[in-house]
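See the structures that follow.
One chain, chain A, appears in both complexes that follow, with chain B as partner in the first and chain C in the second.
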Partner chain A sequence: MSTVTRNALVSTETTLREYVSTGVMALGAVLFLASWAVLFQWVGESTPVLGVAVFTLFGVLLLAMAVGIAGVGVAARLGRVSASPSASAGLVVGVLFGGIGFVTGGLVASQTLGMGAVGWLAVALAVGVAVAALAVVPREDVGSTFPPALFLAFVGALLVTGTLGLGWSWSPDGVSATFVGSVMVPVLTVAGSLVGSWSAAKARAGFGTQGREGGAFYLIRLSVFGMLGVLALLVGFIVKNGLETALTRAQFGLGGHVGLPGSILGVTLPNWSVPFVDVQVPFVTNVSQSLFVEVPGLAPAILGTLWLVVGAMLFAIPLGLAAAIFLAEYTESRLFRQLVEIATNGLWSTPSIVFGLFGLAFLVPRFGGGKSLLSGQLVLGFMLLPLVVITSYESIKAVPDEYRDASAALGVTQWQTIKSAVLPAAMPGVITGVILGVGRIAGETAPLLLVYGGPPFSSQNPSVLSSFQFTSAPPFVSNTALMDAGSALPYQLYTSITSGRLPGQGAPFSVQEFGWGTALVLLVVVLGLYAFGIAGRIYFRRKLYNE
Partner chain B sequence: MSNADTTPQRQDAQATETTTGETVETVRDEWADYDFDGEPMVAVEDVNVHYGDDHALKDVSMDIPEESVTALIGPSGCGKSTFLRCLNRMNDRITSARIDGSVAVDGEEIYQDGVDLVELRKRVGMVFQAPNPFPKSIRENISYGPRKHGDIDTSLLSRLLGRDDTEAEEALVEQCLRDAALYEEVADRLDDNALGLSGGQQQRLCIARALAVDPDVLLMDEPASALDPIATAKIEDLIEELAEDYTVVVVTHNMQQAARISDQTAVFLTGGELVEYGDTDQIFEDPESQRVEDYITGKFG
Partner chain C sequence: MASRIAERFEHYRSRNEDAALVLLAVTALSLVAAFVLFYQQSRWTVVPVASFLLLTVVGWVRYQATIARGLTFVMTVATVAVLGLIVAFLVVRAWPAFDQMGLEALYRTEEPLWKPAKTTPWSLAPMIVGTMVTTAIATAVAAPVGIAGALYISEIASDTTREVVKPGIELMAGIPSITYGFIGFVIVNRFFYEEFQTSTIGNYFTVGAMIGIMALPTIVSVAEDALSTVPEAMKSGALAVGTTNWQTMKSVTLPSAFSGVSAAVLLGVGRAMGETMAATVMIPHTKGFADPVYDVFGGVGETLTTVIAFEGGNATGRHIEGLFAAGVVLFLMVLVLSVTAQVIQARMRSKYGGDR
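For the complex of A and B:
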C-alpha cells in the first residue's frame, strides 16, 4: 500500500467547507476594518449599530467566527467535508497558540482571580501547555482550528457578557499606563479577526500544504493592504487638512487673463497668469509676506526648494557618477573599494544636522559669513553625494560584462566603452538613486536651519537666473541671489509652526492651516520630482530594452 | 582520465606511470606539427597561461594558415577558450592571468611593449559564446566599432557642417549584414532594438558587428552552442563563407561541427595541453594520439 493520499484532480464545485470558511474570512475582514474605524474614532464606541452596542456586536461576530472555524474543523475531522490535512498543525502553530494561551491564562488568573505569583504562573503554564497540545497533538484540521476558535470564543464571550467593555479599565502595578476598554476591545478584536481569518484561510484551502499556503498568502496579502492603508491614510490626512488652505481664493477658469508668467525671475509675483486659461492659486504663487499680499503664499519657499535641489544635483551627480565609474571600472584594489564603500555608507547614515553644522562651521564663513542659498545647495549636495555614489556603483556593476567584452573585442577603448555601452545600460539605476536622494534632500529641514534659513516669512523670491552680474575685475561673475538666505518648504513649515503666528493681519487662515497647506505643497513638489525621475527612467528603459 | 584497467593500450604509444597509478600518455611534439603552404596568419609559440596558481595552458605552439577555418576542440576546462583569448589579448582583461610566450599576428609579435591593443583587436575580432548585442538599434550595433574609432562620423556637429558619413554608414551596415547573412531578415527594421532579434539573429548580428571593423582574423568562442539546430546550421554556413576572406578560429564542443566546417583541427585535452593539430580529415579519421582517438570516438570526455 502506498502512503501517498490522492485527491480529486479536478474539482469545480464549491464545497460546504469553502462556503463556511469564506464566510468566516469575510466576517474577519469586516471586524478588522470596523475595529480600526473605532480605534481612529471614525465610529463612536457607544454608537449603537443595528440596535446593539458596537462592542457587543463585535463579541457576537467573534463568537460566530469561532463557531464557523470550529465547525469546519470538526466536520473535516469527522470526514463530513473533504480536506487533506497533515498529521499535525506543526510546532510553530503550537508555540504561537501556546504563547497566546499562556498570556491569556496568566492575565485572567493574576488580575481577575487575584492569584499570587505562584498561582498565576501555574495556571498560565497549564493553559499554555494545554492549548499548545491542542494545536500540536490532534490532526491538523482540529489543531489549526480549535485553538483560534477558543481564543475567539473567549474574547467574544467577554464582550457579549460585557465583562470587557466601555467601562473597563486596568492599571497594572508598576506601569504608569492604563489600559481602557475603548482601546483594548478594538485591539483584541483586530487580533481575533486576524487569527480567525488565518485559520479560515487554511480551512478554505483544505488544510495540508495547500492550506499552509492559503494561510501564508492571507497574511502576506494582509500585510500589503496594511502597508497601502498606512500610506493612503498619511496622504489622505495631509490632503484633507491642507487642500482648503492651498486653494484659498483660487480661481480656475477659461479666458480671463491672457498673458505670460513673465515675472518668474522677477522679485514679486502678484499673480501668475497662463495664456487663455485663468488659473490663480495665490497660496502657491504669492510671497509669504508683503504689504500688498492678503494671502500669505509659498512662492519663495517653493522656488527655494527647487533651487536647492537643482544646486545639490548639479554638485552631486557629476561627482558621484565619476566616483562610481572609478570604483566600478578602474580601480583594481579591493581594499580601496571597500574603504570607499564604508565611507559612503557612513556618510549616507550621518544625521543631517551634522551636515548642517559642518556647513555652518566650514561653508558659511567662507561665503561671506551669512547664511546663503549656495551653502544650502552644497550641504544638500554633500548629503546627496553618497546615495548617488552607492546606487550608481551598484547599477554600473550590474551591467553585464558581455557588453564590456564585446566592446573591448571591437578595439574600443575603456573610456569609450564606459561612455557608450556601460553608462547607457546603467542609466535607469543611476536615475533611481538620484530620485531617492532628491526625495530625501527636498524634505530636509535640519541643515537648512543652520546654513540657509532666512526670516520666517520671506518677502522675496530667490531669483537666481536674473541675478548674475558680470564684472571686468575678478571674480568676474557674482550672484546676489545665491548669497542670500531664504526659505524652503520644510523650513517654512517648521518656522511657521514654531513661530505660531502669521505675518500681518487678516490672513484668511490660521497658522496651523498654513502649515497643513505647506505640507501638502511639499508633498506635491516631492511627488512631482519623483514623477520627473520616473519619467526619465522609463524613457531610458524603453530606449534600452524595447519595452 | 584513461584508466589502465579499462582502456586498451596501443603498443606504440609511450606510457608513463604516475604516482596515482594511472597511466598517462606522453604528448609528442610532432603530433602538433602541421605543415602548410604560405606564411602563417597567426603563429603561436610556447604560450603558457597561468590564472593565479592554475596552469591553464602549457607550452602551446601552433601556426594558423590564413583564410581558413581552424577548429579548437577538447573537453571543458582544457584551455581552448583561454588559447583563443590569447590571440587578441582578451586575457589581459583578467587580472589574475599571466601569459608567457609569443604570438605573432601577420608576422608581428603581439606580446611585446608598444602593442596598440585597439589596433590589435580591430585586426583580430571576436565573437562570444552567448550572443551579446548592445541594447541599441541594429544599425548602431554594427556601426558601434567604426563610430568609436572615428572611421564613421555621424555626430550632430558633422551633420550640421554637412560632413557626416551617414551614407557611408548606411553602406557599411548593409554590407556587414549581407556578409553575415542577416540583411534580408532585418532590412526593414534596422532601427529596432537588437535585443528584439532571435538568438540566432543576434549571434549573426554580433558577427556582422565584428566584421564592421574589417578584421583579418575572426575568433569565435563556441558561437553556436546557445542556439537551436536551424540557427546553428546558418552560423556554420556563414563560417564557411567567411573563411574565403577571413582567417577564422572557432572553439567548439561539437565534434561533428568541427568536422563539418573546419580545414584544420587542434585538439586540447585536460591539463591545457595541445595534444594534436593537423588536417581535420586526418584528426578525425586517423589520429596519432590514443587519447585524441578516445576523445573523438566518445570514450573519454
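For the complex of A and C:
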C-alpha cells in the first residue's frame, strides 16, 4: 500500500527475540495443522508420535509455546532483548483476554467444581478481571505475553496431565450435543495455537506499533489462508472421492471407437470411429437407469444442463444486452436509469427459490400444468438476466468516450457508433460476464426442484432438436422434449442425496459414490466455465492497460 | 408533465421516419399481445410471437437505427417488468394464506404449526426463527473472516498473491450450492452426529456454518470494492505522518469505508438468508422451536428457504399458498437488506467522488 521503502532504523541482524518468537510461531503452525489433521481423522487420536500419545504431545508443545512467549515477555521487560513496547497492551486486548478468562473460570467453577450460579459468576468475574488487569495494567511486553502464556499453560497442563483426554466428555444442560475429548482437544489446541502465535507475532516485531501490525497481519493472513484451505479441501474431497466413480470402466487407448451417447442434441449418431483414439467413459455417456446399462451414467443430466443453459442464454442475452445498451447509451434520464438499476439489483439479490416459486406460479400452469424443460430454461433465464444487464452495462460504460467522439466526428449516426465502435470494444467484457453468469446458473438447483426436476434417475436423453412437430391447428408448433420434465447435473446430485439407493441391479458403485462422481462432473463443468471467464477477464484487462 | 411528454414525442418523431415509428409501434404491440395471450393461456400465443420476430427482422433491414433504439427501450422495460411480475405473482398466490391467518402467521407459536390447511391454523414463525438463527451463525462465521480477506486483498497482498487469492475466492463463489450441501450432508453432518452425538443428522449449527462459508465470497468482493474506493491520498496522508500500515487501515481506511463494508456484510447476510440447497439437504426438516433458543444442536430445524424447496415440488391447495407466503416473507427480508446495502453504497460513492 505504501510505495515508500522502509529503511530500518534499528539494526537489521536477527535478534534473540526474533529467533524465539519465530520458533514459537513455527510451533503454533505445526500444532494448528496437526489439530486439523486429527479433527479430520487423518491422524488417529491415539496414534503414538515419538513414543507419546498425540494429545500429550499437543500439551507438551503448548507448554513449550507458553514458556517461549512468557520468556520473551520477561526478557523484554527486563531490557535483556531489544523491543519498543507501548505503555499498555490496550483495552481491546484486555477485554478479549478478560472474556477468555471469564469463560474459562466460569466453566471450571460451574462444571468441574459444581458451584451454583452465584459461585461460578463470582469466580468467573474474578478470573476475568484478573486476566484483563494482567493484560492492561503492565507494560505491553508483559501485558500481551502473560495472558496468552497463562491460557496456553492452562490448556497444556490439562492435556499433559490427561485431565482433558480421550475419555473426557461434557454434555451441558440446554444444549443437545456432547462435547467429547477427541474433538475438544484439537479444537482447544487450535485456539491455543492461534492465541500463542498472535502473541509471538507481536513479540517478533518488537511490540509497540510494529508489534500490533505484526499481530494483526498474522490474524488477517491466517483468515485468508483458512479460506483458501476450505476451497482446497472442498475441491480435494470431491476429486478424491469422485474420480474413481467417474472413471468406472473407462478406457483410454489407441484404435477403436469413441463412446458417445446414442443420440446427442437429438441427432442419432453412428458408432463413431476415430482412428488411433479409444476413449470410453461410461459414467459420462450412459443414461442413469436402463436395463441394458451396467454403469449408471450422467448423460441425461449433462444434456439437460446443456439445454437449460442454452435456453436461458437465448432468452437472457438479447434481453439483457439490449437493456444494457439502452441504459448506457440512449437514456438521459437519471431517474429511469436508477429505477432500472434498483430493479436489476433487486433481481440479482432475489433468492433462487423465489425464482422457482415464480416459475411455479407463472410458467408451469401455462405450459400444460406439469414440470417442463421450457419452464426451467425460462426461470434460469430470468436469473441470468440481471447478471447480463449488470456486467454488460459496466463494460459498455468502461469503453472510453474517445471511441464515441472519434466515431461521431466521422459523421455517422449514434446507432452506427454503438454498433461499430462501442459494442466491439465492450464485447470481451460482456462475454466474460455472460460466462460467469452461466457458471452460476449451471449449478442452480432450487428453482429446478419446482419447475423442471423429473424422475430421480432419468432413463433417456432429452432430444430437443428432433422433437419439433408442426401441426395445422394452433399452436402450430410443438415439442414434446421441451415439455418434459428431466434431469440436470445439480438436480442429479440432489436426487442422489435424497434417494436411498440406485435403481436397478448390480451397479458397480453405491448411490453415494454416484453422488461423488456427479459432484466431480458438476464441479468440472462449473469451474471450467469460471476459470474460462476469470482468465478471459485477466487477459482482456492486461490488454486494455498495456495498449 | 403531459405537455413535456408530447414535446419529447414531437422531438423524437421529427428525427425518425413515420413508417419506422409505426413499424416499431406494431412490433411493441405484438410483444404486448404475446404476453397477454400467454397470460390468458391461449393457444394462439404463437401468432403474435411470430409477428414480433418477423417485424423485428423487417424493421432491422429497413430502419435499423430507429428499431434498435426502440427495441432496446422495450427490452429495458421488459427487464423491469420481470421484477414486477415476480412480486405480483408471489403476492397473488400467497394472498389466500395471509387472508386466512393475517399477520398471526408470522408470530404464532402455539401448535398446530404446520402444515397449512383451510380449517386449521398454521404458522411461519418456526421457519422465520430458523432463518434468523442460521443467518446469525453464518454472519458470525463470515463477517470477520470476510472483512479480513477484503483487507488482505485490497491493502496487504502483493500483486502476485492478489492474482492468486482473488480468483480463488471467486472460484469459491462459483462452486454450486448443492455441492456444498452434498459435502455438508456426507461429511459435516455425519461428523457432528458421530462426534457430538447430536440427536439428529443435521442441525442449525452445521447449516449456519456451511452457509456462512458460502456467504464469504460475497462479503470479500463487495467489501474489497468499498475499501478500494477510499482515495489513495487519504492513506498516503496517514502514512506520511508516520503511522504503520495497520494503523492506517484501522484508523483511516476502515472508518472511511465503514459504510461500504457494512453494506458488504448486509449483502452477505442476504445471501446467507436466501441460500437454499445446502440448507435443504443438511437440515432435519422438523418444525418447532429450539428449547432453549440457543440450543443450535437440537433436533428442530427448518428455514423459510428449505421448507419451500423441500415441500414445494408436490404441494397443493392451502399448503402451496402457505409456501408462497413463506416466499413473500423471505423476498421482503432479502429485499430490505439489499436495498439498504445499495443506499449505503450509493452514499459512499457520492461521498468520495465516483471515479468508479
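Simple rule for what comes next: the second predicted complex is superposed on the first by the 383 of 547 C-alpha atoms of A that agree within 3 Å, B and C clash if a C-alpha of one lies under 4 Å from a C-alpha of the other, contacts with A are read in each partner's own complex, and residues count from 1 in each chain.
We take it that contacts are C-beta pairs under 8 Å (C-beta built on N, C-alpha and C of every residue); 3 or more make two chains touch, one makes a residue touch a chain.
Here the structure is a predicted model, which is why all the values come from computation and not from measurement.
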| item | value |
| --- | --- |
| Partner chain(s) touched by A:475 [first = chain B, second = chain C, both, neither] | second |
| Which superposed partner A:178 touches (first chain B, second chain C, both, neither) | second |
| Touching partner for A:403 - first (chain B), second (chain C), both, neither | first |
| First (chain B), second (chain C), both or neither touched by A:319 | second |
| Larger contact residue set on chain A - chain B or chain C | C |
| Touching partner for A:425 - first (chain B), second (chain C), both, neither | first |
| First, second, both or neither for A:231, with chain B first and chain C second | second |
| Contacts of A:332 with chain B and chain C, given as first, second, both or neither | first |
| First (chain B), second (chain C), both or neither touched by A:217 | second |
| Chain B versus chain C as contact partner of A:413, first or second or both or neither | both |
| Residues of chain A at both interfaces, chain B in one complex, chain C in the other | 413, 416 |
| Residue numbers on chain A that touch chain C, as the complex places them | 1-2, 4, 171, 174-180, 182-183, 209-210, 212-213, 216-217, 219-221, 223-224, 226-228, 230-231, 234-235, 237-238, 318-320, 322-323, 325-327, 330-331, 339-340, 342-358, 360-362, 365-366, 382, 385-386, 389, 413-416, 418-419, 436, 439-440, 442-446, 449-450, 453, 473-477, 490, 493-494, 497-498, 512, 515-516, 519, 522-523, 526-527, 529-531, 534, 538 |
| Touching residues (chain side chain B, partner chain A) in the complex | 88, 90, 93, 95, 117-122, 125-126, 128, 130, 132-136, 144-145, 148-149, 192-193, 195-196, 206, 209-210, 213 |
| Interfacial residue positions of chain A with respect to chain B in the complex | 332, 400, 402-413, 416, 420-421, 424-425, 544-546 |
| In the complex with chain A, residue positions of chain C that touch it | 38-39, 41, 43-47, 64-65, 68-69, 71-76, 78-80, 82-83, 85-86, 89-90, 92-93, 144-145, 148-149, 151-153, 155-156, 163, 165, 167-172, 174-183, 185-187, 192, 195-199, 213, 216, 220, 235-236, 239, 243-248, 250, 267, 270-271, 273-277, 280-281, 292, 294-299, 305, 308-309, 312-313, 320, 323-324, 327, 330-331, 334-335, 337-339, 342 |
